[in-house]
Amino acid sequence: MAGNTFGQLFRVTAFGESHGGAVGCVVDGCPSKLSISIDDIQKDLDRRRPGQSSITSPRKEEDKIEILSGIFEGKTTGTPILLLAKNKDMKPEDYGKLKDLYRPSHADLTYEVKYGIRDWRGGGRSSARVTLAYVAAGAIAKKYLKEKLGIEFLIQIEQIGGIKIKTVQEMTKLIETIKNEGDSVGGTICGVVKNVPIGLGEPVFDKLSADLAKAMFSINAVKGFEIGSGFNGTKMRGSDHNDSFFVDSDNKIRTKTNFSGGIQGGISNGEDILFRVGFKPVATIRKRQETVDKNKKTVVLEASGRHDPCVLPRAVPIVEAMAAITIMDHYLRHKAQNL
Amino acid sequence: MAGNTFGQLFRVTAFGESHGGAVGCVVDGCPSKLSISIDDIQKDLDRRRPGQSSITSPRKEEDKIEILSGIFEGKTTGTPILLLAKNKDMKPEDYGKLKDLYRPSHADLTYEVKYGIRDWRGGGRSSARVTLAYVAAGAIAKKYLKEKLGIEFLIQIEQIGGIKIKTVQEMTKLIETIKNEGDSVGGTICGVVKNVPIGLGEPVFDKLSADLAKAMFSINAVKGFEIGSGFNGTKMRGSDHNDSFFVDSDNKIRTKTNFSGGIQGGISNGEDILFRVGFKPVATIRKRQETVDKNKKTVVLEASGRHDPCVLPRAVPIVEAMAAITIMDHYLRHKAQNL
Amino acid sequence: MAGNTFGQLFRVTAFGESHGGAVGCVVDGCPSKLSISIDDIQKDLDRRRPGQSSITSPRKEEDKIEILSGIFEGKTTGTPILLLAKNKDMKPEDYGKLKDLYRPSHADLTYEVKYGIRDWRGGGRSSARVTLAYVAAGAIAKKYLKEKLGIEFLIQIEQIGGIKIKTVQEMTKLIETIKNEGDSVGGTICGVVKNVPIGLGEPVFDKLSADLAKAMFSINAVKGFEIGSGFNGTKMRGSDHNDSFFVDSDNKIRTKTNFSGGIQGGISNGEDILFRVGFKPVATIRKRQETVDKNKKTVVLEASGRHDPCVLPRAVPIVEAMAAITIMDHYLRHKAQNL
Amino acid sequence: MAGNTFGQLFRVTAFGESHGGAVGCVVDGCPSKLSISIDDIQKDLDRRRPGQSSITSPRKEEDKIEILSGIFEGKTTGTPILLLAKNKDMKPEDYGKLKDLYRPSHADLTYEVKYGIRDWRGGGRSSARVTLAYVAAGAIAKKYLKEKLGIEFLIQIEQIGGIKIKTVQEMTKLIETIKNEGDSVGGTICGVVKNVPIGLGEPVFDKLSADLAKAMFSINAVKGFEIGSGFNGTKMRGSDHNDSFFVDSDNKIRTKTNFSGGIQGGISNGEDILFRVGFKPVATIRKRQETVDKNKKTVVLEASGRHDPCVLPRAVPIVEAMAAITIMDHYLRHKAQNL
């Protein structure tokens, strides 16, 4: 129960530190006979990889994924799938001076008190690099859900630093400005999941909404999560907020509005699943900051490692992956009991 | 994995339907030798009970809790604790006419499609009545956390229908107005948890923030959750948002601000844990609504059951309970590996 | 993880002490629309109930089961099923003198050291009475497996005190003799499970054989478990022990022998599942025994509570129940991933 | 729940096929600050490695373990530990002709029916090679238990093919004879675990005996398991079998005999834990055997791969490892709730 496994039936057990030997995960419980190639996974990893543009960290990890078990002649066999990326381009010397101090709003202090020991190289296990495992596992879930159920994930950046994003150019310019100031910025990502069948999610503790919330809060820097109308819905009257049922032209029961965000009583109702995820600004900034060290002395910190001024562009595939893993797990759970 | 158990080491397995024989839960994993009386639990249950005032449902359940195992001579023995409240004052005839139709924004349709069968009496398992189990289990967690670690929970209503709440009178008046309109309204609850030691929470998938999010989304009608700065934080710059460390007059490392909401890298950092929970307006309203029935015919629904126009007043102890259960579970997990 | 839940998808969470309020369990994950009546469960409980004959404990518990949730109009709804029997005919005064001493080969000492507190009335949680919950949950599993898959359980006593049992009369006489000596005796039960489809069981850690072993060792007094050829097979050569495949007259692949006991590589192969369970003699005897008390003083113990001289007759439905729960759980697990 | 994880708090998630990329495991939940070197693990792996003598398979795997996460500067950090051995010396061509047939008493048929696909190279996931992961994880558990609690594991071969083993020479000669006959043989291993503190094990479903049983049945070829007096105890009277308590010269409560095998009511009582494990003869033999293929045709099988005529010599460290993992897990569980 040390918290490195996500899911009940589609189980992702992640491992790895930023500057250790490798990061990755074991995916257990995947149905057999699903075609999976390195490319299926690599193309999503490439979307989260740093070093892609002027607005992401220049760390040039290749993030080259290896599949070391569970696939035979291009197909899943039903046995655990080991997905692993070796760590390269490691510059622990960048971090040597950070080893005795606690960076503000990072996990340095909490890890050290919790475990009494800390791999300080690049944030160790708290590094964003561990989300590579989420994306790799998510690629498998997405492929299954797409082929089997036609489920699609549309995940996009909604606002950065409070500014609604309309174009990539606009976003890039905004982030560059902040980067040049030596600062960082947060934002929100919104997600739509289409074609989820009615019936996914358990009604009491493991509501689909609850597990999506947990999934998103498993991503570093997430501070808020909403389903459907979210916090705006808290200001509404029931008569406006209720999603009336009607029968559509295909003779299917649908809702006229979707304030529920596709989930009612914790269970998917067949409408689009709608959610929003809020990310705080990246904690690492180039600007000088005061903090304290192990000896409780005040020190001044000026970061020089390679970091993103804004996590949002790289977070899109991570959000997508966690949504896919969650829905995949609930599909298998529903199948076990009810299909 | 049918989703009726919450927690890994402090495990709450809930059961019961609104109009079945009983609702309650089994609490497994509670440390032994904790003094627990019926009163410890009953006093919290009384806070969530309907029928207390003009603004809550007139259903007059006594919610009389029975403890049927796990306590001997007033103390926990380390064995599972069965907490149970018999269902009385049941008026299933109130619901008979609802049996064939799907109430808007309720779980009627999703349950029926998921399971192919539905206990339609009072919402069955999707009834708010099941949260009685949350509160009963939470009372035990709260007592342990208070006695052992001095942890305190301050949970209160922040806004209702978009209006900040300053006094109970104000709130009562607002809800009465809405009730008279035959409508319902949502709102937000904010929570502060004080004296949580550094080190609770698992760093990757089972972050303390992630499990709090899941806990809150396990409550009916929850549509949003935030930790610390939440969605507001998404608009900030890192240089403003970072919580600088300093050494306080007791020689303890603290943070000057608390945008992190007491959790860094998924682990409690010793500051107050701050969170917000958003509730949608109650789905049951007296106003006429169109919906469809099993035969896909349009029908008009006029609710006559006993319901709350606003879930917030009764949700306060539920939020408190789920926060306590989550923190209790993480305390035991931390103890297992690290203490 | 306090060990009161068995199963992953068909989950039985048991509770209760011999002389507390009630014993029973919550069954979570049962598929919906299964017809279950009180009688379906009661008839198995009656088989394990004490007070039935000259050779079982005269304790006259009615073991009257109540179903308090999860069943609606005679059918499972997919929500948790609470099964509960109130404790009656309790004579804690029988046990008062046992409160400060440790009965040989009982759990008195281990509970007291583990938890620092012990419900000494009738053995508390270590009482055989808790197996009532196993039987109640097993009755549901058996019914599902029978209706859905045609699976049958044939469980019988093989030997008592080393003597092969051919007739009930013979057995009764043997146990009566031992009872009259104020002594107790052990024995073995063998089980055959018929019509298990090919494919149940997970191949590495959760082999069907491994989970059956665990299930049987969850029953008090069990000291040994064998699958198929068991310990006898350890003396054989591979050329004799291997179960050759052949194609039968129905064009099905079968094995000529069944030393494997119906499980190969941890997975059912469609042949009868064959197992044996060994029970030690009951620890409570009327004969005088020396032991020690809390103050580490030697004391003489002469039991006067109501006990069975031999656990075997009442253990048959318990073994059957645990086998059914295990197979049910693995059927749902297999269904989730592979069907 | 696909069965590749063992343990609740000390969790071993295994992966890998005989002829895939690698075999190994992720160990999650290990306490931090435990010194672990490659040597600590490698020395146990060397004990289970094939190719060591005339009586084990000549496959010359180096079984070179790599630690790719969770260890920093020679110490565990509390994060997941990835242990991995690349597969080398693979000769899948040895197995090509086995691809379409079902070897007697192997898992070929059951895997194929369960998953609809099968990695036939060297038995795939059902290969004994996967137990490398058990041994690697067990080495960590053993080290912790030894350093922290002084726990020792004494595991040895008791009999082979029904012949009690007194010397290694004797055993080697026996196995060589059988090997020359092109046959295989089974046997039993007995284990003693010393210095286990009182209190490990959960009293109802997760009895220490039950989890040890499950652990041993997780090893390929295991057909029987006994605790303490085992099946012999089933023939005894209670007055002989009961372990009387007394106070020893160190003023500790002990038992005069140990028919209980160190576990009472599912919980360790401080005496030596005693158990026996029965292994069937290896299924792969050189002798000709009839079997059937995918097309349900009878075929003759003459094995030519590299196999052990007797699994016992290599099984000793595997039994030791599974015992250590089980006790480690229960120690952490006990610590969480009770220490």
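Per-chain residue numbering starts at 1, and chain names A, B, C and D are given in the order in which the chains are listed.
We take it that a contact is a pair of C-beta atoms (placed from the backbone, for glycine too) under 8 Å apart; a residue touches a chain by one contact, two chains touch by 3 or more.
All of these numbers come straight from a predicted model, not from anything done at the bench.
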- [ ] Going chain by chain, each one touching the next, work out the least steps from subunit B to subunit D.
- [x] 1
Open item on the list: What's the farthest chain from subunit C if centres are computed as the mean of the Cα atoms?
Closed with: A
- [ ] Could you grab the centroid distance between subunit A and subunit C? Build each centroid from C-alpha atoms only and quote it in angstrom.
- [x] 44
Open item on the list: So the centre of each chain is just the mean of its C-alpha atoms; given that, what is the distance between subunit B and subunit C in Å?
Closed with: 37
Open item on the list: Measuring centre to centre with CA averages, how many angstrom lie between subunit A and subunit B?
Closed with: 25
Open item on the list: If I count partner chains per residue in subunit D, which residues reach a count of at least 2?
Closed with: 1-2, 4-5, 8-9, 14, 29-30, 32, 78-79, 114-116, 125, 203, 333, 336-338
Task: Complex contact set, residues of subunit C against subunit A - done: 1, 9, 29-32, 78-79, 203, 332-333, 335-339
Task: subunit C partner contacts - residues on subunit B that touch it in the complex - done: 1-2, 4-5, 8-9, 11, 13-17, 20-24, 26, 28-30, 32-33, 66-72, 75, 77-82, 84, 114-119, 124-125
Task: Contact set on subunit B toward subunit A in their complex - done: 1-6, 8-9, 12, 14, 102, 104-107, 109-111, 113-116, 125-126, 130, 159, 161-162, 178, 183-188, 198-199, 201-207, 209-218, 220, 222-231, 233-239, 241-247, 251, 253, 255, 259-261, 264-269, 278-285, 287, 289-292, 296, 298, 333-334, 336-338
